[in-house]
Each structure stands twice: as structure tokens, then as C-alpha cells.
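Let me begin by presenting the structure, written as C-alpha cells, before commenting on it.
Chain nomenclature is as follows: A, B, C and D, assigned in order of appearance, with residue numbering initiated at 1 for each chain independently.
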Amino acid sequence: MEITEKKQDSITILQVSGRLDSRTSTELEEKLNQAITDGENRLIIDFEDLSYISSAGLRVILKTAKMMKKNDGMLILCAMQDYVREVFEISGFDAFLPITTTSDDALCQINPG
Amino acid sequence: MEITEKKQDSITILQVSGRLDSRTSTELEEKLNQAITDGENRLIIDFEDLSYISSAGLRVILKTAKMMKKNDGMLILCAMQDYVREVFEISGFDAFLPITTTSDDALCQINPG
Amino acid sequence: MKKKIAFSLQNNLDELETLRHKVEQYGVTNGLPDKTVFELNLILDELFTNIVTCGYRDRNVHWVNITISIEKNLLAICVEDDGTPFNPVAVKEPDVGCSIEKRQIGGLGIHLIRHMTDSISYRRLEDRNVITMTKIL
Amino acid sequence: MKKKIAFSLQNNLDELETLRHKVEQYGVTNGLPDKTVFELNLILDELFTNIVTCGYRDRNVHWVNITISIEKNLLAICVEDDGTPFNPVAVKEPDVGCSIEKRQIGGLGIHLIRHMTDSISYRRLEDRNVITMTKIL
């Protein structure tokens, strides 16, 4: 797994590539906790190059989503590959997490106007 | 927890004192595995100075008892304090493990004749 | 008399020594019988060991909160952790009456807790497991 | 065609990389669709991760045995470990339809396995957990 951080329209986007599993999820969790501690309350995670996710990855996403919600913030996921998206759907995460097709869509949704 | 090994009438006796819990049980397990590897198939564990045991300790005893049984060997426990004995009874271990009052009784039982 | 104590342990088995000291101290302060102190220690050890060994999926430091209090002839024990959801009340009893060959290695922790308490209840509160037990003195 | 493979992994999460390679190789050899390879990897990952994180009470090295085979249109998967007795079939389904506030963190591993397989069975054989699953191709 690799994480690249970038800013666009003053929104932080984390591009997560590779495999997000019980071996690698701690690294993403630390990164996300750091972002929240730094005061980010709008975040986009770009999964375009994510080829694999397990429940360990879902755990980190749910934890982050809960924290963002408490801070009245917003977390958007985008650009998931089909199999990754299926994992989110089976787990019912698509019911409370916005998942957009592209990172531009995510930016529009998070930064209206 | 401390383990002292002694031989009496050519039988190995392990005196286990202190607290046998999830912190210390691995040490006892290693000692018991070593004894079995060394070819001991009759063993006495003397619990006279054992003041505490948790399910982690029971686990090691059961594992050892199973291995001894397979080797047609014999494991005897002796000299348990009341509270420790109660833990063995609640767990039903007294049904298949000989538990004697003194280490001499254990020696008699393991070395008849 | 200090009838209530509250303390926290890190998710590390070395904390079993802290637990032991807390429980023994509490026993002395409140004049509890040795048998009660032994059982109280065992109940908390089993829950704590399970939380440390099965409860967490990350490598971070977590705190397990424990409170013990006495109300009339009732000892009340509460254990709270922020680990994965786990309801010990729902765990099936192991078969403790079978032969050594059939006997399973494991599943005794919760069995011992059931025998040494008079009630156990479980709630999931926000992202925490809260286990409350009572023991008649 | 090599329709059956068997391999063993140590109880260490780094072995997930070995698992991945084995599964991908198997997929190529037997011409499995990418989606099947993904799901097969996920099923095995979830079980293996659980065994490594919850299954053992000592610090020893243990081996988890995995076999995968194809019989007609059925993929058969078997995972065997010498950890504490644990029956995944008996685990209650998590509530996956509630609001984010109520949503529990955890319990998704077995849920995913159920969705991605067509049958799961569990046996305790001597001191081993044996989980057998099938998946229609």
C-alpha cells in the first residue's frame, strides 16, 4: 500500500494505492488520525489505484467516518474499482458514506459553490 | 512464577510456585514440552506453592495431559491450595487428571511397587 | 472505608501485575475474604487477558477501565474497553464433562467467570464494550 | 492443469503476501476470472487474519494449512489451524443496515466470507479447527 497526499481547492485528497489489509491498515489509520488532529474536517480518499481491501481496511474507514461525523465534517470516497466497491456494498457502507465515480465529483460534492 | 525441577525415585517433579497466568504460562509450557521431548513420560507437578491459576494455566496443563496420554504416560498434580483446586474442579479437570494431596501420594501412585 | 475504586490498565499482559496489586489492596481495605479476592482477581484477569489477546486489530495503546464497588452485600464489577464488539454473555458453554481425548483446549475463561459471578450483563455503548457483573458477598 | 494446491502459512500477518501470490498463481494456472481471484483472496485473508490475531494464546510459531481445489464448477477451500476452538458458522450476523452512529466497528470479516461463499462448514478435529467452504464458479 502507498499513500500520497495532495491538496486541491484547499481540500486534502489521500490517494491510496495497492492493498489495504490487516498488514497495511495501521499505516492508513495513522495518516487519517493525523489529518483529523491537524484539523481537517473535509477529506477525500481516492481509491483509483486500490486493488484490494479487506475488513481491516473497512474498519479504518468506518472509524474515520465516525470521527468526521462527530466533528460535523465530511468524508468522501471516490474512484473505486468494481471489486473494491462490492466489498463496501456487502458491508452496507454505501448507505452512509458518499462514494463518487471520480475525484472531481468528490470535489464538487465536498466544496459546493 | 518459578519452576524448580527435581528428581525423586527417578521421577521428575516440577515445583511451580507463584502465579500461573497468561503472562507466565508460556514459560511452564516450554518447560513441560522440553520434559516430554526429553522422553519423560511420567511427571509430577507440585502446586504446593502456587497461589494463583487462570485459564491460561489450565490450557497448558490440558495440553500436556493430552500429550502424556498419547504417549501412554502419566501426569499427576499434587498439593494444590483450595482456591487453585476449585479452578480445576469448575473446569472439570479433576475428572481425568489425578490430583493428590501430597507429593508422596503422587509418587506412590506413579511408581507403584 | 474506600468502597469504590476505579483504575485503567494498558492493553499489555504485564498489567496483570498492576491488576493483582489493585485487587489485593482493595481486598485489604474492605476486609474481603481471601477467596473473594482470589475470585475477583481471576474474573478480571480472564476478561482483561481476552481483551488484550483478542480485542484489538491495531498496534496502538488502548486503555481498559475497571471499577469495583460494594453496595450492601453485593460486589459490583465493571470492565470497559474500546475493542472489537464482543458479547461474552452470548458465548456457548464448553463441554466440561467429556473424556480427556474429547476435551477442547480453550473456552474456559468465560466459563470460570460465569461460575464465579452471580450476574453478568453486556452492553455496547458507542464504541465500547461494557461488561457489568455482580457477586454476592 | 494443477487443479489442487496445498500450502502452509506461519501465524504472522506478513504471510498475507505469500497468500496473495499463491492465490494469484492458482488463478492464472486455472484460468479463474479476476473477480473470483479477488474473492478467494479475501475469504482466505479474513480467516487467516482472524486466526493470527485471535487464535493463539502463546507466542509460538504455528502453521495454518490451506488447500484449494476445483471439482467441476465448484471451488473447494479448506483452512485448518491448531488455535483455540472457534466456530465461525455460529457467529451472529452484524447489523449492516443501521445509521453510521449505531454502526459497530468490527464483525465484518465473517460477514464478507458468508457473502462470497456458497457453503461453509466447521469441524473440530482433535485439536484443530477445520473450515471447509465451497464457491460456485
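Note that contacts are C-beta pairs under 8 Å (C-beta built on N, C-alpha and C of every residue); 3 or more make two chains touch, one makes a residue touch a chain.
Only a predicted model underlies this, so the values are computations on that prediction, with no experimental measurement involved.
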- request: With chain centres defined as mean CA positions, report which chain is farthest from subunit C.
  value: A
- request: Pick out whichever of the two, A-C or A-D, is joined by more C-beta pairs in contact.
  value: A-D
Message: Using Cα averages as centroids, what's the distance between subunit A and subunit D in whole Å?
response: 26
Separation of mean Cα positions, subunit C and subunit A [Å, integer]: 36
Message: From the mean C-alpha coordinate of subunit C to that of subunit D, what's the distance rounded to whole Å?
response: 31
Message: So the centre of each chain is just the mean of its C-alpha atoms; given that, what is the distance between subunit A and subunit B in Å?
response: 53
Task: Among the residues of subunit A, pick out those that touch two or more other chains and give their numbers.
output: 22, 56, 59, 66
Task: Provide the list of subunit D residues touching at least two other chains, using ranges where the numbers run on.
output: 53, 57, 105-106, 127
- request: Report the topology of the inter-chain touch graph, choosing from line, ring, star, complete and other.
  value: other
Message: Going by the touch rule stated at the top, which chains touch which?
response: A-C, A-D, B-C, B-D, C-D
Task: Using the touch definition up top, name the residues of subunit C that touch subunit A in the complex.
output: 57-60, 127
Task: Could you pull out which subunit D residues touch subunit C in their complex?
output: 53-54, 57, 84-85, 90, 92, 94, 104-107, 124, 127
- line: The residues of subunit B that touch subunit C in their complex are 19, 21-23, 52, 54-56, 58-59, 62-63, 65-66, 69, 82-83, 87, 90-92, 95-97
- line: subunit C contacts subunit B in the complex at 13-14, 16-17, 20, 34-35, 38-39, 41-42, 45-46, 49, 52-53, 96-97, 99-101, 103, 105-106, 108-109, 111-112, 115-116
Task: Show which residues of subunit A lie in contact with subunit C when the two form their complex.
output: 22, 25-26, 29, 56, 59, 66
